[in-house]
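The structures come next, written out as structure tokens.
After this come two complexes, each holding chain A, first together with chain B and then together with chain C.
On to the complex of A and B.
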């Protein structure tokens, strides 16, 4: 299918110029008349009763307009798992108790940020500190402090997934491995911190500008928390400076700005500081992983048993989804005939853990891909070969869970094998590790309890032939507006520059669940494609009538030319037809509506992408320091809509997932995050980036728009595992807990030396 | 939140010293601001008066004199890095600068500010110790000079009295047959050092004996330190791998590293043991070629 005129072309993001020149406006840039600035007071205690909050001194400070506490709220609890009220557990402005260092207790609106910050010091909060617990392994003990009333052993939620007969299958295995791993936390580190400008008008309506991944979720959660009609709330997402999973739940900036604005009927802006961003927003879920894997001598894997305990932090958030997905993706990308997963999410007095790019799968892929390499070594089988033997194939059903249509895993394995061969004999202390993965193209689950279609779009053609697309999808920098505009242009037969995107504004766009779970290309794309097709159909009908073509002919539009498919030279200008068609419709613009909700696609996702990554490291055995030399990824995501977009996703993912594997961490002392700044939180930067390469495999996903599927989060999954395997190949030590720091490698090398000496004796 | 302060921009050293004398304790010097502003933002320092010396042109220079190269205190890192004289005479100094922070920070930050900041993890001081540099400090009552290795007193504390400024850094001409190197161990390129090592080796004429050696370590004690005992292991001898290994072990005993979120105490010691021999060996190789 290479006769696309828009899809598959290398294009830059349609908003790229605005962004790189600095003229693009983010929530951060929004300034309204009479706008006030808000700041939030946060708990210094990991666990404490709030005895009293005295705001009188703060209110007296000149320039302070309002001070609010939990008493000024309806006392409701927010949660994104709305179908399950017991999982809606976060007040945001705490009334009786704080559960982590950073929990919000009061907020101030003042004429400027400095005054607001000064006022925070004048709020007197009397706490009664309670015993706190930080590690999930401690939190599940009988005598651990209870973090949420009535939640026994602090177990927030547990998930079970099972198929086949695992116990019986283990009996038949020739070799069984049991391994323990620990996955660390990770911060999203968006360039734009969480921020919001909330404006509550005298008309009783709320308008909010905010940096978000789902305007619709934020709108709905506001409606819950403020007891308002959804339609009286307009949430607008302008350019968003990164999300990575951190921006689709109601956050403290959004909520406090709205409460303050409601009180004053004046706009209030809150921008979280970088420190708040690190300590008082959500983060990747740390997990304890217990794996049991059984195989036949020939490498056929018969059974896998997975037990996971996750550090939940103070509230549920999206952590329940991470718990489920890490369990599901622990079976990826292999055909285990027998599989069992038990996961427990445990409350702790630490910052809440939730969604982050990959959503549980970077954890499961690190541990699973480490273990499969160990299994291969035990059995004397090549790592690529064992993956080939067990890897998923097209039209495979994950028993009772999911149906996989397109799957290019085996082609990816072939490409990576070729790549490794091409690297030839490696210099000493170099090693290449491989890691295979898969990911979903949007979730099917509806714990949010939306009554709407998962995606929806309206396409309107104006008199000049220019096309407006209205969709509730959110572009958070991942380029979804470009992708969707390309899909629209291709379907409609116009050029990319003819399409203008209106997205993420609940006031004008049909609801869409937003940008998470890698859903927008497939789901948003299907909705946009359908809406564009409806417009096109109207133009074609009109053209057929006007040209008086024989009924046996088909008409199509390509590159602004409405024509007979079999005789492309016979046609008319798209622009002329639009003008006439609108006149013919009594002056009504051409409009099309589209929507998409997955049906009959299992319980997880309508489609899955696959890939295999090879990471090459060079280890300095004297210090344990290693460098990422090269990361090559064989990748399939169905039809590639925009190759530049995929390259951007890949490079960004290696930076993020490489950091996860190599250095990113959030060490704590009694619940206090010790590195809440970009100076102290170690991220991979441009100088640390390895050389990267992408080997794109051609596949076609029947469920996706033009055959496209996920290409966003999945790429975050393989890297930590590939690094771990590469370090092992290079110097023979295996690291079981993330991140794989040079110090851990060094210690493991020393330990290995010791063991070898002992063995010699 | 940064507190309010009064900001002065003297144009000469004399004016600056007068201001410092006048405001004494309540006053802080700022140059590139790359370190001070961070401390002020965190509320760790809150001066009432700030004397901004960045605009004092008489303090920004790199001069090649017969008693060595002189660097004015307000010379930026970037200027040091790009200087032809430095690259020729003390390539190690220019190399060190290329790994100090990012170009943006090097364009603002100054070598004098760095030395006065007294961060034990700073890059320039170990190199300046290895190169045997001297500092010239100016005060209301005249100037005094002090070897760079004595200047740092404790964490973020240097030997500057109220009313004093660092004016100049003097690096003596390198003796013949001398090679010097520097490296820092860090997790992220261009980040501050977890451990750093500078070494300078001078060989005797024709005999290949180590006539002089200077080894300086960063980030393993409250200040950058000179590993004098380790130097002794090597001085006056023909350097061998065994001696280098010993020097590394001895150097480790001269340090008092801490454990922090970047590295444990034990790991820092191990890094010293690994990096001292490695860097000294590199310095030796350079000395042989010099």
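On to the complex of A and C.
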């Protein structure tokens, strides 16, 4: 495969110079003529009836142009599970009731942000506080307050997955473990907070610039909420300052800006403050996990039973998907012959929990990889060995769920074993923990109910041979535009600098479901590749005719040279052929269309990537403080399209996933998030960041473009488990709830000491 | 009551009337029109708004514009000389030291200020130099590698 001329090369991101010079324009930087600034008033109560909203004083403030409340909306409810109307449950601007601290109740547009903010203080809202419930274990009780009308026991949705005969299999096990875990929340902390500039014109059309992971979803959800045709709405995503799963649902900045703009026919810009970002956007789902795992003496795992109760927060959002995926990935990356999962998502009066990088799998991987280490210890088996014994292999079918083609898990295990051996005897209080994972390359599920292809692209070759790619994919910083441009350049036989990307603009790009569920490389990549291939075919046909080539020869294009495959020296310049071909087509530019929708690829994803991670920690047994020393990852993602991009994804994932294991948390008091600032929300900074080594394993995924699959999101899964296992190896204490803070380690060490003393007596 | 602010930004003198409570980041972005400087938290915790003020890295969301009176400010737009990128900018490109790019201007300014003050920092000193800047995408190590490459002389200053 080394004869690629673009793929696998170390290149600058195609938008790199804009980013290092500060010239790239984010929604945050967009200023339009006659633009106003908006602010949102939010509920201070976790659960309350809205009795009255009086906006008169606010409207009288000089500089205020409009104040809107739920009464100014159509009263529709949005949700991303559009196939199920009962799961579309979020008004965004509440009309009768608020369900968490941060629910939006009114919005103001004014000549500047200061004035808008001042006006918020002048809006009088009369609430009738209602009893509230914050923990899902309380919310499922008979006498708990009901958060959504008609939803019994506050159970928003449940999910069941089962294969084999679990009960019978447990009978045959030599050893069974039952363990309880608790997974915490996590904030996305995108550096660019949610923001939007909405401009509703007198022509009845809406244009929106917004920081987003899916322009198409935002466009469609706007159409639902505003009762408009989607073609009358243009959503543009320029540079996006991070997404991580937080930016593909219609949010309060987007919706309120549009409602205000509709009233005034003036552009309105809303940028959420960092505090709003922490309290009034969505977050990772906290989960209570109950696991039962059964194995034979030799470490063969026969059965697993999983029960999960998740803290849903106030609305459904993408939480229903997280509930399903945490159940599916609880079986990963192992071949359980018998498996049963029951998950319940429960409404609570807390900020809504939804999608975040890993999408339910970081939780399942933390608990699963902790438990498998415990099982290995019980049975006296090496942790790598037990994973090898049960790990997935190529061409494995997860019964009734998924078919796995490429899988390099065993090579990854070998590499990590070598790494541990090479590290040799560790210094005192050091420990290395191992964690294995797998993840999807693009979700198959279509609860959004799109009638369009999942991914689509148009490639156009201009008269000078330069190539324009139009795709609805969104580059939120993960570098998908560079990866897709590389795929296009490779397929077409041109150089990367010949390709220009137009993405995430619903006005000019074909719809694509967007950047979530690790879709862009495989699905977006296949669409772009198909479109480029169609262009190439036209050029090859034209060249064959022009050169009078013997029909037995094949033609190809490589590095701007159209040539006979068997006699590469016989050919013509790509640029010359493009000029002549366009002339020959009566001046019509060369165009190709491509699309991708998975068919007959199981329930979850057309492909899966795998990896194994080893985290080394150094624990201070006096204080429980510990340091992340090194995180080494053996990883396979099929053919590597963009190596610099993959390295960045891997290292970056460790910052976020390490943070989930190490320090990130959102403690609450009566539904109020107590650390809504970057000063108080602890995340990994440069000094906390461990050394990171990457061991890339070669695989080839038949379903992916040039054999490529997911990289980067899956890497959010293993780290918390690896850290937990490392702490255990270092000082012999097991932490069952995230994050694994020094305080918890200290308490566990004290408890262990106490138990040991007791045992001596 | 607005007051006069006289200062230089990227070598260009400006005379602007601002309110006493106006922040330096607001003047740079909204009045001077240099939007390369970002704003991620408005509480000097994230570092996205870092600029150089008389050679020192400061968080421009926590400096009153009038405090910059008589100073020279350098923003990310002032790093390149004409069409030549600075060594750090080129090193960031080569090492993939940015992803979404929102923290990048601040990271570049902190790194530039570090190398101005200490041209031969150790790896630990580089990490300390950017510890006030949050990057949610890269995991910092690619940034440390880029700064290290500049320290090693792999990127020459444009003439």
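In this text, the second predicted complex is superposed on the first by the 761 of 761 C-alpha atoms of A that agree within 3 Å, B and C clash if a C-alpha of one lies under 4 Å from a C-alpha of the other, contacts with A are read in each partner's own complex, and residues count from 1 in each chain.
The working rule: contacts are C-beta pairs under 8 Å (C-beta built on N, C-alpha and C of every residue); 3 or more make two chains touch, one makes a residue touch a chain.
Quantities reported herein were computed from a predicted structural model and do not represent experimental measurements.
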First (chain B), second (chain C), both or neither touched by A:203: neither
Touching partner for A:687 - first (chain B), second (chain C), both, neither: both
Touched partner set for A:273, first chain B, second chain C, both or neither: second
Chain B versus chain C as contact partner of A:654, first or second or both or neither: second
Of chain C and chain B, partner touching more chain A residues: C
Touched partner set for A:550, first chain B, second chain C, both or neither: neither
Those residues of chain A which chain B touches in one complex and chain C touches in the other: 679, 683-685, 687
Residue ranges of chain A touching chain C (in the complex, touch as defined): 12-13, 15-26, 28-29, 188-193, 239-242, 244, 273-274, 476-479, 644-645, 647-648, 651-656, 677-679, 683-687, 689, 691-692
Interfacial residue positions of chain C with respect to chain A in the complex: 29, 34-43, 45-46, 48, 75-77, 79-80, 85, 89, 92-96, 98-105, 108, 127-128, 130-131, 133-144
Chain B - residues contacting chain A, complex: 1, 38, 185, 187-191, 261-264, 267, 270-271, 274-275, 278
Residues of chain A defined as touching chain B within the complex: 114, 117-118, 622-623, 625, 662-663, 667, 674-675, 679-680, 682-685, 687-688, 741-743, 746-747
